[in-house]
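Below is a structure I'd like to ask you about.
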Amino acid sequence: MSEFEPKVVAFVCNWCTYAGADLTGTSRIKYASNVKIIRFPCTGRIDFMLLLKSFANGADGIIVSGCHPNDCHYTSGNFHAKRRWIMFKELMDFMGIDMNRITFSWVSAAEGARWAEVVNSTVTRVRELGPYVSYKQMVNTSIEEEVTHA
Amino acid sequence: MHNLILKAKELLENKIVSVIIGFETGSSGKVRPVFITDSNKADSLIFDERCIQNLAVYLTKKEVKQFGKMGIVATLPIMRSIMVLISEQQLSPENVVVLGISGDGEVLDFADITVMQHYIEKCELGNPAKEQDMLATLNRLNMQEKFEFWQKEFSKCIKCYACRQSCPMCYCTRCAVECNQPQWIPVQSNNLGNMEWHILRAMHLAGRCISCGECGRACPVGIPCHLLTMHLVDQAQSYFGVYAGISDKMSSVLSTYAPNDKESFII
Amino acid sequence: MSHSSHQIERNSLAFAIEKNVDVHTQKCYQCGKCSAGCPVATEMDMPPSYVMRLLQTENQAHDENILQSQSIWLCISCEMCLSRCPMEIDIPSMMDFLRQRSIKQKMVNPKAKNIVAFHKSFLNTIKYTGRLYELGLIIDYKRRSLNMLQDITLAPKMISRGKLHFIPEMIKGTPQISGIFKKTSKKEV
Amino acid sequence: MKIGIYPGCSLNGSARDYNESVFAIAKVFDIELVQIPDWNCCGATAAHNLNKELSLALPARILALAEQNGLDEVLVPCAACYSRLVVTQHELKVEPEIKNRIKKVIELDYRGTTKILNVIEWLDKYIIPGIEEKLVLPFKHKVACYYGCLLVRPNKVLNYDRSEDPQTMDEVMRKIGADPIYFPYKTECCGAGFSVSRTDIVSKLSGKIIEDAEHRGAEFMIVACPMCHSNLDMRRPDINQYFKTKFTLPILFVTQALGLAVGLSPKEVGLQRHFVPVNIDS
Amino acid sequence: MARIGVFICHCGENISATVDCGRVAETIGKLKHVAYSTEYKYMCSDPGQTLIKDAIKEYKLTGIVVSACSPRMHEPTFRKAAAEAGLNPYLCEMANLREHCSWVHEKNDMTTEKAIDIVRILVEKVKINNALLPIKVPVTKTALVIGGGIAGIQSALDIANTGHKVILVERSPSIGGHMSQLSETFPTLDCSQCILTPRMVEVAQHPNITLYTYSEVESLDGFIGNFTVKIRKKARSIDEKDCTGCGLCTTKCPQKKIPNEFEEGMGFRPAIYTPFPQAVPNKPVIDREHCTYYIKGKCKVCEIVCPTKAIRFDQPDQILEIQIGAIVIATGFDIKRTDFFPEYGFGKYKDVIDGLQFERLASASGPTGGAILRPSDGVVPKNIVFVACAGSRDPAKGIAYCSKICCMYTAKHAMLYKHKVHEGKAHVFYMDIRSAGKNYDEFVRRAIEEDYVNYIRGRVSTIYECDGKLIVKGVDTLLGAQPLEIVADMVVLATAGVANSGAEELAQKLHVSYDSHKFFAEAHPKLKPVETNTAGIFLAGACQNPKDIPDSVSQASGAAVKVAALFSQNELTREPLVAFVNRCSPPLYSTCVGCFLCQSVCPYQAIEREEFKNRDGKTIKTVAKINEGLCQGCGTCVALCRSKSIDLHGYTNNQMYTEVMALLNVY
């Protein structure tokens, strides 16, 4: 187990991607176990700060996934989320934060196989990218500073 | 300038407004904001190229609001701030009279908000040229260089929140950084927390920033934090075709959507 | 407002109209109500809705046809089209723009030369006197249009009814008026 | 009472009759009409056909002069000038930047505060309220009220009467005893500025208007625009030639009809200047 | 102090085959605040549930995590079990060890590690869960149908036939709606009244339907299953029990010159009247605005002639208060009248009529007995012009949208005209022919090919009168946009279909959203076309947008099924997972600053304004407030709120933050 195994956090909506991931299971399709899922009612509920907090606390990759456009259980939550992600991604790119580590996707309740693909491709990609060194360094210096202050 | 003083006097004398928010020359010869309630003192009003502060920040301050109806000397960014404040219900159109100043320094007569809106629509609404250049330069850097650039900048941050205090759109009574359950942003200043603060601030201004650049000017340690929000101004325009602060009825970019919003990164 | 980053480059007359007079030809869905109500549609080589359709194609040959047409000069700015257009397309403003563009590109239809000559004569008299000097206008117009015999019988009747001045009325602000002409002349499209 | 007036070029020349009748009525009703000093031409159709900025600057100078001379209300009897002035005032109101630019062009201060009245508005406001006691010869005729284009269009800018089947002139005529007929050609175009350059078009369009009014039994056509008047009256020989007939319908300015009704003589309202003879017998 | 119980399910071998359940239970059992951790073969089985219940009681657990299959499968099961053991159901969370772990990963240490992480995330979450009370809603099994046109009639009958009570409220004196005015219906040309009147009678006689005509909804309170409606039953001025509907009063009434609404103004009616002969109920009403007695204080002819003494001049309006559980809005539509069109004469030309007027002319029961006669002089028009898109697709003066039904009824009108006036000429000015529907385009083609209706593509600029004829100035855009004039005897405008007058007011009374054209808005344009965003209120027919009869009837039946489904349960349980805006003590009241950007992201109009006033009654602060009856718990407002003043029960900021931290082993 010398190879680096990334930690990937998945933020998914209850109605499409969570259900899609259930279908992956029901279909017994295998995927990498690095990913752990957190269930939200809707992608509209996902706060961008949670993504930052994931990186800050050791995540190497993130998946954000919900219903395809027009399929939102709540009509428009994913549309609002989409706009938020566009802005967030552009800001992150501008600040030099590695957006290759975040996968944004639409996975419906019928796309069990697709969920496995999304997870696997993300894990593979992040594994190649390696640990998020520069971010972790920033975190570490920050913690050190705190310790010295204390 | 003469017209400005005349107009201000007229508004005060006829009791159309109770206070005029404008600029004057301070004792040190520097330009500073002034709050005039007495028409006799209106002669101190000035307007020249040094008058760039976004005065709209005072429109939501209790101390200023208590005077009653406010008149404000307004350049384009201030007009646009007013639009945002009205659309976000922080300012009532009945409570403000705008003494518009055109790009070439002339006083503009706005019969009402609609006319001001019409004027704003005709103006160049993008980021100022200087910032455009800086944004272009930064955008040419690679990811690592960008990260390092901002890390260096944020390492200077002392969490004084001057960027927040100077921004007319940061009018919350309790800022998210003051929220402690959970504690989204660490209280003390460190690189991670500083960066998180600036991301939070930029995201909260996404689609609401009107490119006045006040936050950057207010920063005592010279972090160009206005570039973050201005970058998002560019993005809002290119993705959604809108600029903030051009109507008193618009909703901000992040509180609306169009079913056909285009992006290329969601798989 | 649209996604500027997703737009193809446009180089058409329709685009110029959009930019200069804020008239969006794509709004037209060819109901034809403008042509139906236009008092001069039957005189035109292309009725207004037909002009709109040609513009919508954003085709260079069509654009040239429009600028060379009689129609743009036959439009009398009565505004009937605008007042009845379901899409509130400001055809009169668009026609003003097309005329100015047609002159600039030297594409004025030969059959419309009288109309252009009249407008020019009209402005010419104002330029020098500040007010319309009808006799001067007619003389200037005849010089431009070479219609020497037109209305030869009308003038005496007008004179007998006191409706024609022999001497132009010069206003005091004539230099100001010339200044206005000078300052606005470069603004032509 | 003092009110400003902008006569415009026509009232100064080819429409002297209109001018005379306006001033004559004003006198009867004790209204002093003050000409805007040193007024210039509004630019008419020619200006906006050829040069937009010029078409705003010329009227702006007129309005600026009115302001300078303290004329808060200005009567503009010519419908064409009225249209140009109102459109200019509107454009400069909604476009403060153009306003500033035009101010530089005309080298005068301009605020846009002048209230511009067309002739019907003026009659409605200052003449009609007192008409009953001055009415000596009710104008008991069938009349076709012809508004033309520029009094009612563009409706959103002028904000005066309705653009289809307007009624204000009909109301004025009723007040002086006339019987306005149903007249669908009320707002059809007479050919306007083509009087000289395309007389054939004017003959056709104006002819249709006269034909319909005569057919419906009108004894007079009432107009409020010197350009319409000259097309319908002065161009009558051309019209008759075009239609190969002899239309005899006289064309009166609204102020002429009103003048006659309050006892002014035909000469005082300038009827002798018409090309089509006017007989007021019955 | 939290005492958490964790129950690891093997799911037979479904989980235990890949996950070392024993190790999971053991590791989790060592976590802080975990008071009990165990494993079992089938947690969802009776013994499994009993195990959980017993543990809750025995260990005085304050929260449990059942680690088994997907919560989408068994969350309700285990929450119910927890509740039965006295634990608030919202203190029960499920860790998804089957679908999200054992089924998708190989058997190895990492899989077991992941299972431990998944459980730990939920353990940390459940520690800070709040006890929530489900919103329990009893269902009143009576439906209110507003509007007695074909859509309302269909909905009322369908609901009533499932055995539930229906209150049908109609504004006018009779049910029937616009359909009762129609002559024949497209595309089959069968007689409208022949197919409608049996349904009207059925409504009147149905034991489950209570019919209130000449009545309007006054106000509505409450929420799904529990509405209270106030209905204003306007004074009919007769006693409906005594009246036999003999009609003597209507024939004797001396006031006979009131324009007849049912005939679209082309006939007259008395002051005491039934709208049309087949009216349901067939009881007259006194139009107090026009009745001589109410105007002048004397007359009372009707009272004198009434054989059953049923006239009641002093009858007051009645306000009825009724408990209902669901609502079907079926208020229908209206059309623009000819007076709306300035260029077509402001309605002053008698022979320029609208589509409904033509229906009456063509109807055998209409003012001309079905003969096409022009209103001005009763002559048969030899040349008739139909103008489609009159006001439709006209954002400048009319409406921007397509009214949908005009293309079809115009083809029908032209056809009916040609069938009755063989030698006549019919012209149709149209923009585009929109005839999508079963047998619809065939119908239009028949008008053109078999009845020789002259279709001209172009709009009419103006219409005016000359020598008793109508001059129609139009254009043929297929002939190079050349203007053309038709000298017509009669013109029929296919005027725009618009929202019913009063629709906006009704929408506000019902708290239902409506669009910019005042049509009622559906909850989802595709998947919830029958629902409104207000739970328990459904739409039927043209109150949503102009619709033809088949569409209206289909939707009406759809709405009825929605109501029946709701009424199939005695009690509704609404999850308490709704948003809330924080409150604190004055003078702050809430950290919400009242920017109300959240209002525009809420799909359910659940965000309301709450004003705080000082002693003088002056508003000192306005903040957002969530209406729990409307909120569906998506949380979009929560993520948008900059000052973090809104939160969502079950998915609070603190809970989500905690989950992330637990996932990353920070806790």
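We call the chains A, B, C, D and E, going by the order they appear; numbering starts again at 1 in every chain.
Quick note on the criterion: a residue touches a chain if its C-beta (ideal position, glycine included) is under 8 Å from a C-beta of that chain, and two chains touch if they have at least 3 such contacts.
Keep in mind it's a predicted model, so treat the numbers as computed, not measured.
Traced through touching neighbours, the fewest hops from chain A to chain E number 1. For the pair chain A and chain B, chains touching both partners: E. Here B-E and C-E were compared by C-beta pairs in contact; the pair with more is C-E. Central chain (C-alpha centroid nearest the global protein C-alpha centroid): E. Distance between chain B and chain D, defined via averaged C-alpha coordinates, is recorded as 51 Å.
Put simply, the C-alpha centre of chain A and that of chain C have 62 angstrom between them. If you average the CA atoms of chain B and of chain C, the two centres end up 44 Å from each other.
Taking each chain's centre as the mean of its C-alpha atoms, chain C lies 22 Å from chain D.
Contacts with at least two other chains are made by residues 343, 462, 601, 640, 653, 657 of chain E. Shared contact sites, meaning residues of chain B that touch two or more other chains, fall at 184, 239-240, 254-256.
In chain D, 163-164 are the positions where the chain touches two or more neighbouring chains simultaneously.
Looking at the complex, you find that chain E touches chain B at residues 588, 591, 593-598, 600-601, 622, 640, 642-645, 653-654, 657-658. Those residues of chain E that touch chain C in the shared complex are 343, 389, 393-398, 431, 457-462, 473-477, 480-483.
Contact residues on chain C toward chain E in their complex (touch as defined above): 29-38, 41-42, 46-50, 53, 80, 84-88.
The part of chain A that touches chain B in the complex is made up of residues 48-49, 52-53, 56, 69-70, 76, 79-80, 82-99, 103-106, 118, 134, 138-139, 141-142, 145-146, 149.
Contact residues of chain E toward chain D in the complex are 342-343, 345-346, 462, 464-466, 471.
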